[in-house]
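One chain, subunit A, links the two complexes that follow: it is found with subunit B in the first and with subunit C in the second.
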Partner chain A sequence: MDPFLLEALLNGVLLGGVFALPALGLNLVFGVVDVVWLCYAELVMIGMYAVWFLYTQAGWPLPLAFAACLPVVAGLGLALHVLVVRPLLTAPPINQVLATGGVLFVLQGAATLVFKTDFRSLGVDMPPMELGDVFISGTKLIAFCAALIGAACLWAFLKFTYVGTAIRAIARDREVMPLMGVDPKRIYLIASGVGGTLAGLAACLLVVQLDVHPFVGLSFGPITFMICVMGGLGNMLGGFIAAFLMGLIISIGGFYGSTELSYVIAFGFFILMMFIRPQGLFAR
Partner chain B sequence: MSRPIPTPLPWAIALLALAAIPLFGPPDYVLHLLITATLTAIAGTGWAMMGRFGLVSFGHGAFFGAGAYTMALLWNHLGVSPWLGIPAGIVVAVCAGVMLGWPCFRLRVVGHYFALVTLAAGEIVRLLVTAMREETGGSLGMTPNRVPLDHGFWAMQFSKAGFWWLVLGCWVLALLVWWALDRSMASKALAAIAEDEDAAASIGIRVTREKLMVTMLSVALAALAGALTAQYRMYLSPESVSGLGLSLQIVFGAIAGGMYAPLGPTIGAVLTIGLDESLRVFFGTELTGAAPFFYGILLVMFMLFLPRGIAGLLEKKG
Partner chain C sequence: MTGVTSTRRGLMQAGAGVALAATVPATARSQSGPLRVGVMTDLSGPFAGAGSQPLFWGAEVAIALFNERGGVNGRQVQIVSADSQSRAEVAINEAERLLGQEQLEVVTGIYSSAHAVPLSGRFEQSKKIMWITSAISTAVLKDKNMRYVFRPTVHSDQYAEASVSFIHEHAKARLGMDPDKVRLAVIYEDGPYGSGVAGGIEVEAKKRNMPLVMKEAYSATAPDLSTMVTKLRRERADIILHVGYNPDITLFLRQAKSGGLRFKALIGHGAGYSQIDKLVETFGADVNHVCNVDPAGTQMLDQSKLTPATAALAKVFVERYSARHQVRDLPTHASMGFNNTWLFLENVLKPAVTKTGGMSADALREAALLVDIPVGGSIQGYGVKFAQPGTPMSGQNERSSPVVMQFEGAVAKVVWPTAIAGGPPVLPLPAGHTYAAR
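On to the complex of A and B.
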């Protein structure tokens, strides 16, 4: 096999791992609370700035900056839920989406005001690893492994804890669960917090690979929504697989064409999938 | 739902007054604000035509850009006048709208899903424009070729006053389209569809056809506004005439003003541009983030407390 194609394939898998985390977080919120957080990628952006600021400006050690980033973004997620989403739970979906769209502007504007539009880089990089003929970026590989661990933790949380079971149940049927004694208000809050934490984790993994700027969210935000919907709402495994599928499409498309065209193919694929299987690729 | 036919006289007087503004020799800056606000109003009016029937598009930037780029490319590469290029741009945008809308409506892609499909379509247009950098200049953008002023008419390059009249005419056209739609059976059919698609279909409303028609009108107005904006600014780039940011801005104007009243999007456009400019004047260019920050807060506030927009406020009083 052509080593360059192999490299593109591997990079696609690694890219999928990066997409997977925010897509899982979005999927969790969307599946449980039934509201699209249009500003999800912007939460990630704020997390990236938090890590950048703590590491390069405040001089914190990197692991500590990562650890601080998670509660910051989780708190943002909770605030978003309490201040914006909760009052709109019974509003038409369009109003909910537009309100979170407003938050997108707020976060972008705030980041521009505080950090200006410069591209900020963490400046940590690791030498590429050599596997036979193939070179792989070390940072990407570590980010990929961390994404897998994060996804596994989420899975275990949803599968083995009482709250996780309640979350899954609410996502299945939001009318019946309150009758079973589950307080949806509390579950929504927890899901938003977990969704925010996942955005924070995604921020830690992305900040080592991408430069931060106020509009960085627009570069991976749309694709995250697509992945989340393609996998099927509330279907974590589906979202996970869809993330790798999109990663591969983009990476292989970029190998044969240009980066823009590869994203065009990915978005086109999404639209096609919405026509063919609107309930998600892996709907039961 | 049907509105009474507005008595034409006060409207005609108001319109004449607007059209007469350049005759009093206002500063260029005032005209510039008026033109920019009106262009935003045209796009917002187009968006609200769909939006008020529950067809929330996050891809109107794409159609805005399709109109703008079709016109500019035809002018720069083939020398086709914008007078023909703008209709061509509208045709391209409408075709794209049908290509996207028909399968969406046919296959019942609604609500969140429709919004996300339009979002993907908007990104596709932005990426395609960027990828065709040989022709479009990529992310650097492009400028329509200038001509000497005495040939300006054919090239649609004239003074601010000329643009004001052109843009005002297009705005009136947009309002007339809205008004005609409002008075037609189609608006009742669409209102029924927005309430309950299955019920509407069961009483014989052709759901796909009605939705497609309003989409075509809406998209055509977005393309018109896009082409005129590019021609007025004499500059277009993927970020300034397409993409999610622009799509959301169009949405913001329409929502803030109120998407259920014909003048709502226009009120929203005046508000948006007014906000933009006053922030720029008071804070200077250093605080570039202030405008989106305040937009965002206002958008959230509107959704929470005033979902029918400013026009909705007037409705209650009136």
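On to the complex of A and C.
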């Protein structure tokens, strides 16, 4: 096999891993709370700043900065739910979208005010893995493994805990579950916290690959939404698989065509899927 | 109730005043009071960190200094600033505000070519001056016979010519290769800036019979460029010519390193590559010997080649800018912001206002077309003479010129044109360098 093609395939899989975590978090929140967090990528951005600040400015060890990032972004997720989403739960969907869209601009503006428009970098680097002519980014590989572990933990939480079961049940039928004794308010809050934690984990994985700046969400936010819709909004497994599919389309499209063309193919595929399966590729 | 009455009366008086003012011709109003000049840059969004912020700061220093030195016969210049937020639609809306509500006769600045292309048509249509201090795309002016759009800085074809000439000139002596054996690859952001420079590189390479083994565009907000890195390795490019903003530049450099990409030289073309401090902060010694094409930052030039008055001006600028903004090496955009704004204030605004008493766009245009500054007469070294209406590049400074600079120890040094270079370039990348071909 052409080693460069093999490398492009691996790149695609690793890129899918980068997209998978935010897609999981966004889908979890939508599946349970039924509200799209348009500002999800900006929560990730705040998490990236938290890691950058703690590591480069406060001098914390990197693992500790990563560990601190998770509760910070989880807290933001909770705050977003309590302050913005909860009061609008019965409002028309357009109001909810506009409100979380407003939070997007607030977070971008706040980050610009506090951190200015500079591009911040951790300056952390991992040597690549060389397998003959194939190079695999060490940073991406670790991020990919961490994404898989994060996804596995989420799956175990949803599958084997009482709260996880309640979350899945609410996602299935939000009207009936309260009759079974599940408090939806509490479940919404927990799902928002878990969604925030996943955004925090995504921040930890992205901050070693991308520079942080107030608009970094533009790099992965739109494509994360596309992945969620393609996998079926609220369908976590669907979103997870769609992330890898999208990663492979971009990578292989770029290999045989051009980087620019690869995104045209990816977006074209998305539009086509919206015609063929508007409910998402993996919707039940 | 006196207060209420007086407030109502005051409001009515104020309203009458506004109505009366509206009937006074704009030319009459512009005969006195401050001289209002628009400065449109990207103070937020990705372009801010890729050079647009220092572009604004440079302009700020120029206007403050101009005012300190008396303005125009005692009349001060007042900045009316606009943040185009790194978005073309915002730039268009802000231009409408500056031209409509603010009734400005001139807007300076404009960092991005993606903004300059649509804006130039709007300014031309409204017959107001657009004074471009940064956006380089040749397409802004070429074959458009612009009469109200002026660009004192370098255009994209000149960037292309500089980088290809630089490699061609040094191929045999430094790379030990015939120029027609040097494999060039150009990667570029897909807006007018990247496309303009990349198109120029293709033309220049063909002219010199140098093989261009890869030419590929990408979006500046792309989250991943690793497949492009794989293809660059496959094509075994000797020289990578990169036209990017930021953060795509840092993403590329990072992924090039982790993707095992090696080359003999990397040449950037302004924007993010001109933010030397930022690159060093992120990559440390890895950016040593990386080259960049841009108009020279004034601190890079041999000051003895400037006229004494210009050298003195450059000194004041560097001192003021450095005192206000903590930098190791001034980004070239700071010099561009200062220089091109100063050229406007001193050589266009001042004579136009002195001659006509006002600052109408037509008076400014007339003054701009008369500017004739020899080489060495601006703090970036180049002279100024605008291509006249009816010529293919009408409005473009025909005396502008870029340099090729090379980073060493967090400082940029001019390495081309050879006549003004501080020394020979380090080519190819030395053994042991992270990106050096093995």
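Just so it is clear, the second predicted complex is superposed on the first by the 282 of 284 C-alpha atoms of A that agree within 3 Å, B and C clash if a C-alpha of one lies under 4 Å from a C-alpha of the other, contacts with A are read in each partner's own complex, and residues count from 1 in each chain.
By definition in this document, contacts are C-beta pairs under 8 Å (C-beta built on N, C-alpha and C of every residue); 3 or more make two chains touch, one makes a residue touch a chain.
No experiment lies behind these values; they were computed from the predicted model shown.
Overlay on subunit A: subunit B and subunit C clash in the combined arrangement. In the superposition on chain A, A:128 makes contact with subunit C only, while subunit B stays out of contact range. When the two complexes are overlaid on their common chain A, residue A:200 makes contact with neither subunit B nor subunit C. Shared-chain residue A:263: touches subunit B and subunit C both. Residue contacts after overlaying the shared chain place A:209 against subunit C, while subunit B stays out of touching range. Once the two complexes are laid over each other on the shared chain, residue contacts for A:22 go to neither subunit B nor subunit C.
In the superposed model, A:36 lies in contact with subunit B only, and not with subunit C.
With both structures placed on the common chain, the touch criterion links A:117 to subunit B and to subunit C. After overlaying the two complexes on the shared chain, residue contacts for A:218 are found with subunit B and with subunit C alike. When the two structures are aligned on the shared chain, A:97 is found in touch with subunit B, with no touch to subunit C. For the contact definition in use here, the residues of subunit A common to its subunit B contact set and its subunit C contact set are 112, 117, 214-215, 218, 258, 260, 263. Across the complex, subunit B is touched by residues 36, 84, 87-88, 91-99, 101-114, 117, 214-215, 218, 221-222, 225-226, 229, 258, 260-261, 263-264, 267-268, 270-271, 274-275, 278 of subunit A. If you check the complex, the residues on subunit C that touch subunit A are 43-46, 48-49, 53, 86, 190, 216-219, 221-228, 230-231, 233-234, 246-247, 250-251, 254-255, 257-260, 278, 281-282, 284.
Those residues of subunit A lying in contact with subunit C across their complex are 4, 7-8, 11-12, 14-15, 18, 112, 117-119, 121, 123, 125-126, 128, 130, 135, 137-140, 209-211, 213-216, 218-220, 223, 250-251, 254-255, 258-260, 262-263.
Those residues of subunit B whose C-beta lies close enough to touch subunit A in the complex are 51, 54, 56, 100, 103-104, 107-109, 111-113, 115-117, 119-121, 123-124, 127-128, 130-131, 243-245, 248, 251-252, 255, 287-300, 302-304, 307.
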